[in-house]
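Each of the next two complexes has chain A plus one other chain: chain B in the first, chain C in the second.
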Partner chain A sequence: MPTLTINGMIVDVPAGTTIINAAEKIGIEIPRYCYHPKLSVAGNCRMCLVEVEKFPKLQTACSTVVNDGMVVRTDTEKVRKAVTGVLELMLIHHPIDCPICDQAGECGLQNYYMKFGLHKSRYDLEDKVHKKKVQDIGGQIVLDAERCILCSRCVRFLTEVTGTQELHFFNRGDHSEISIFPGRPLDNNYTGNLADICPVGALTSKDFRFKCRVWFLKVFDSICTGCSKGCNVDAHHKGDILYRLKPRWNDAVNQAWMCDFGRLTYKEMNEARLLTPFVREEGARKVAAWGSLLPDVAFRLKAAAEKGGTDRVAVIASPQSSNEELYLLRRLATERLGTSNLAFTHRVAGDGFADGFLIQADKNPNSRGAQLLGIPDGAAFDALVSKIAGGGIDALLVFGNVLGPLSEEETAALLAKVPFVAQVGTNEGPVSKAANAVLPSASVAERGGTFTSHVGRVQRFRFGFPARGKAKNPIEILVSLGNRLGAGWDFAGEASVFKAIAGTEAPFAGMSYDSIGMFGQEIKG
Partner chain B sequence: MTIGVIKVARPRKMSFPESLYLVEIVKGLGVTMGHMLSNIVRQEGIKTIEYPEVRREMPPRFRGRHRLMKREDGTPRCVACYCCATACPAKCITIVAGESPDPGVEKYPVRFDIDMLRCVFCGMCVEACPCDAIRMDTGWFTPPDDTREKLIFTIDTLLEK
Partner chain C sequence: MEKVLTTHFANERYRRMDTYRQYGGYEALKKAFAMTPEAIIDEVKKANLRGRGGAGFPAGVKWGFLPKDLSRPRVLVINADEGEPGTFKDRVIMTRGPHLLVEGIVISCFALRAHASWIYIRGEFIREARIVDEAIAEAYAAGFLGKNILGSGFDLDVTVHRGAGAYICGEETSLINSLEGKRGWPRLKPPFPASVGAFGLPTIVNNVETIADIPWIVTHGGETFAALGVEKNGGTRLIGVSGAVNRPGVYEFSAGVNLKDIIYNHAGGIKDGKALKAVIPGGSSTPVLRPDEIDVSYDIESMAKIGTMAGSGGVIVIPEGTCMVRALSVLMNFYAHESCGQCTPCREGTGWLKKIVGRIEAGKGREGDVELILDLCDNMMGRTICPLADAAVMPAQSFIWKFREEFDRHIGEQKCPYGNRF
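Now for the complex of A and B:
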């Protein structure tokens, strides 16, 4: 373990560590543009220059490996002058169009100018080299060549992570710029990450373009619901509108990346939401009140079980629900309704595309959780569907907005066979168009809980903001239905439900929200 | 216990002629008549003006109702950077940005509403604007209106002034 001194502070780091990481360990910030922990070291931006004793010249902290007894200084006049000079050079041809730049507010140039620059420009506005702005280069990305500082993070990302190599440097000197080859736009499923790793406003998101200023956004930890990978995300919202998802670093799952499909999943939490409970009477929607609808649904389920036998009541679970909700739903079905007609199904989008990196074929965040909690899928679901189609079910409780792979017509035809269908869902969809009673549920951003990823990693998603409209947390809905069926549950919130899961369900034994923490915990076995 | 007790003088009781207020009424009328007569004789000394036909001259730095500036080609100078909306302490500015058909402009305000009922006329928006697109130099107040909706000034109203 080499021991070195940085700004007079002694630090022990493993051999092979670079100065930039050693400094980070003791909380000294060294400015950087081209350095990215998940990419190879390029050392071309020259922002991380530091003074190292016995070296005649300043060294780049990102590429200099520490030695035992090294003495590093990041706070000398020499370093400050060098960094300011580098920054001035980068800003020479910068268009300074911050008012119309989406990066403003989270821009490396803005931040470091305020910290290390604050110089007056010595370059005339007319002398600036102009490059092409607003270039749609494919994927989710808009390129503005003028704002680029040529750090090569994007080039390295496309070489080392996706291996597609669409972006390259062209021309020389003042005129060098990044661009694509003519007629060869970005063509991979991870283009959105380019906007995240670009330290300036050269690569910005097409989807987020001009939507909102970043300083209005608030962030909470969430999990992507796009597939069973369970990528950790930061959800950015203003009020009750989600604006974007960004990958949250988790080395065990998604490292620092996420896919383009996942990035757009936030839209369904904004659009076509079910906001008020309603019942369908003779084909027409009639707004209902929670206070009367919940007892009504509980009564109809119970009445069907008592009249025709528990075999004539069915529950369809959703792999979009959290572990907590699935656990309560299973107990509601087996203990309170006493039925064995309980199943869920996977939703595989399109041709079941998966790439072995982040994108999984199963487009649900919690299929594994449902299986672990003892809810059957596959053949059990098909059997339940044929039972419903044969008119064998009198009352059905559906979770989720779609019935797996069934189309809208198939769903309508199937649900028409059941005299009473109650749905707990977040969005308008095939089920809400056919259900007799719709109980609107809070979206992932509006509730908390845990998902189990395809490898069995239990991860938490957090409450971001109160539910829109009159939507309710599904846990609240389930507890209130259960209690009206005589369960006597006193669960309040997802934490108390998870405690019960950890106590009784073997795969989750011994887990707690504390042990799951920020980054999740693998189930046993 | 007399500690802390303060004796307050009670007002003197009015005598009967005083309580009729006759003398005071005549005195008051005298002041009114005096002003009327002096206004008839010397018109330039009159304090009141005949608003809205006549308007008072405002000091040059008076912060009045806003206007949005235009470029030479008539498009709004505003680039929808939200600096004014960020600086506004009353949160009365609502902007929706859009992609301008002119690639040299890129961003422009699709909507730019100022809720004049909420505005506190602090001038922070003018201070914050990097493009000198919003000014409060119209030299006049927000005129009254009969509905709240009419007092939410849209981009067209603001560009007119």
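Now for the complex of A and C:
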């Protein structure tokens, strides 16, 4: 392992490490624009210049591989002047339109200007080169060529990650700009990442633009619910409104990326939410109180089982539920209601598009978890649907907003065959339009738990903010129903439920929230 | 004086195969095939042949950078993208003695064990490309190119690739990108072309003149070639003299010729009997010299000692009465136009230099503008992937250092003392 000295501090790094990464290891941040750990090294922004002993010229830290005994300085007057000089040149043609720029607050130019610049402009306003602003280049992206510092991150992303190469450099010198070819807009499912990797306000998100200043946003760790890949995401919210999802780096899952579909799943947590418990009487919704509705639902389920036999009660689980919720639901169905009418489906409406990279055909985050926890799907689900359609069920507890691939009409027709349908769901949908009792559930942002990805990676999503309206955490709903059916559960929150899962469910044996950690843990076998 | 390249250049037919062979053409190739590749490389090393493209890197040493193992095919790329303002020697070789180049390529490829070669000719050189193409066709027909050349078992294909008119494509890695059909942006080094070059293969990029010297070196031996020049600087070199001289043109001199001698003796002195004001000695990017500095040997080391470069051999003679601010402004326009846009300091800096020098010349210069230029130069010099920023900075700095009073007068008087010619 080469040992080198950076600013007088000694650091050991593996052979092949570049100076920029070696410095990071000891807490020295070398400024950079074009360097991105997940893309090839371009070395063209020239911000990361450092002094290396025995080299007459300053070297780019992003591209210079360390040698044993190398002596690097990032804090000399020469380096500082070089970095300030490069930053000044980056800014001479920049429109400095921060007040109307969506990147303000998370902009590389603002940040480094405060750290290295603080200079007065020596460039004449009328000398600025003007380029095209507000260009819709397709996908989720708007391009402002004037704000672009030509770092080439976006060009490299589209070459190296998506392979679609829509963006290119055009023209030369200070008239250089990135753009698409005429009539050839961004055409891939990962365009949102361009706004993430753009260090300045050149590529901004069409969806997020002008919605909220970033300094008002708070962030929590979550998992994308758009498919079974389990992309790690940062969820950005203000109060109880989610504003955007950004990929959270996890080399084992999504690296630094996420797809465009997943990126917009947050909208579901803002819009058309079920916020108050209600019952449907003679076709009309009537607001109900949790205090009376929970005992009522428990009673109806129990009564149906006692009257017609446990075979006339059924539970439909959801692959959108967490492992903890699915575990409690299974126990509720098998132990408290004593029924074997329990199933779920991970089939969803649509074409089941998958791309072999991040997007999976199964558009649910936790189908694998449901399977591992012993909830059957496939033929079992179809059998249960036939049973319901044949009038064989008197009381049904449904988790989720939709019944797999069934259309709204099919769902309505199916549920009409059951005298009592109770739903635990987050959003208005086919099920809430047909259910007799609706128990509003907290969204993924409003509760915590774990999902098991398609490869069996158990990952935590975190509580972001309290549930909207009167929605409740489904664990609380399940414990409450279970206890009214004599379960005697004393679970308090998802952590205690997971402890129980790890104790009794073989695939999860020995796991804990600690061992899952920030990046998840794969199940054994 | 013994000439290496230009002996028969006056003969219009020398560009044809038959005439070239009458004067002993392709005999060097036959001799080379009787030698080992290592022996040829040895001769080139002994010849002290320095790259003629501008940087003056020893050709034999460069050849030695190719990886030792032969598992990957190697290629030789000829840099015929002669774009440096003031330089026009390679085009003379291509139009007057294209077979020198072709023969040089075959010998060099044999020495380098390369079986493919590209000649990258700048887009503006339409006639030159045509003549080189004809020479290649003649060489194929005569069996000097293609399969099993002269029964030696050695195969070689040579292809002409036309550039599209970008100065930057004369930089070797940019040239390689352009050759591959990519945008002509210089590459970050390492890896150097000798390990990963054109199409990912080990690549040697040499200037036209460098390769055209090879047949003579093989015929007469490296030491004989070296003796034509001075220490560390073997042979002769082609020097293009332009500007205010009585006999502008391309001359072949010993590498150690005196610069003053070139101008006053060979090129016939300054036109219209004017006094000399300045000399740009080796192409537009080399630092300018005052008249009192030109009594100097034109070899690479002597030029470096006085803070300038022999570069690509383009001597630009500037007479008294020329506005140096205007001259610099012309140069700055060129570099701003030709910056590829990859690295920040060059992309933004060349344009800024152009604007400041332009406004000084236009009589709108301000107090502090000269200091601003020098500070900007300091922020650009040595800060980029390729030397284009340096190429813009070197004239800017040297013009100011050596002709500061003209800049100050422009700013003080708010006009060009030589009259507004815009």
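As a working rule, the second predicted complex is superposed on the first by the 522 of 525 C-alpha atoms of A that agree within 3 Å, B and C clash if a C-alpha of one lies under 4 Å from a C-alpha of the other, contacts with A are read in each partner's own complex, and residues count from 1 in each chain.
Following the convention adopted for this analysis, a contact is a pair of C-beta atoms (placed from the backbone, for glycine too) under 8 Å apart; a residue touches a chain by one contact, two chains touch by 3 or more.
From a predicted model like this one, the values you see are computed outputs, not experimental measurements.
Peer 1: Based on the shared chain A superposition, would you classify chain B and chain C as clashing or fitting together?
Peer 2: Superposition result for chain B and chain C: fit.
Peer 1: Determine how wide the angle is at the CA centre of chain A between the CA centres of chain C and chain B, giving a multiple of 10 degrees.
Peer 2: 100
Peer 1: Of the partners chain B and chain C, which touch A:Val134 in the superposed model: first, second, both, neither?
Peer 2: After superposition on chain A, A:Val134 lies in contact with chain B alone.
Peer 1: Who contacts more of chain A, chain B or chain C?
Peer 2: Looking at chain A, the partner in contact with more of its residues is C.
Peer 1: Let me test your reading of the model: by the given contact rule, A:Pro99 touches which partner, first (chain B), second (chain C), both or neither?
Peer 2: first
Peer 1: Which partner does A:Cys45 contact after superposing on A: first (chain B), second (chain C), both, neither?
Peer 2: second
Peer 1: Applying the touch criterion given at the start, work out whether A:Trp215 contacts chain B, chain C, both or neither, answering first, second, both or neither.
Peer 2: first
Peer 1: Note down the smallest distance between any C-alpha of chain B and any C-alpha of chain C in the overlay, whole angstrom.
Peer 2: It is 24 Å, taken between the nearest C-alpha atoms.
Peer 1: Identify the residues of chain A that lie in both the chain B contact region and the chain C contact region.
Peer 2: none
Peer 1: Where on chain A does chain B make contact in their complex?
Peer 2: Those residues of chain A that touch chain B are 97-100, 104, 133-134, 209-211, 213, 215-216.
Peer 1: Across the complex, what residues on chain A touch chain C?
Peer 2: Interface residues on chain A, with respect to chain C: 41-47, 49, 56-58, 60, 63, 81-82, 85-86, 88-90, 92-93, 122-124, 127, 129, 149-150, 168-169, 171-176.
Peer 1: For chain B, which residues count as touching chain A in their complex?
Peer 2: Residues 79-83, 86, 97-99, 103, 106-107, 130-131.
Peer 1: Quick check: in the complex, which residue numbers of chain C touch chain A?
Peer 2: 166, 183, 185, 188, 336-345, 347-352, 355, 372, 376, 378-380, 382-385
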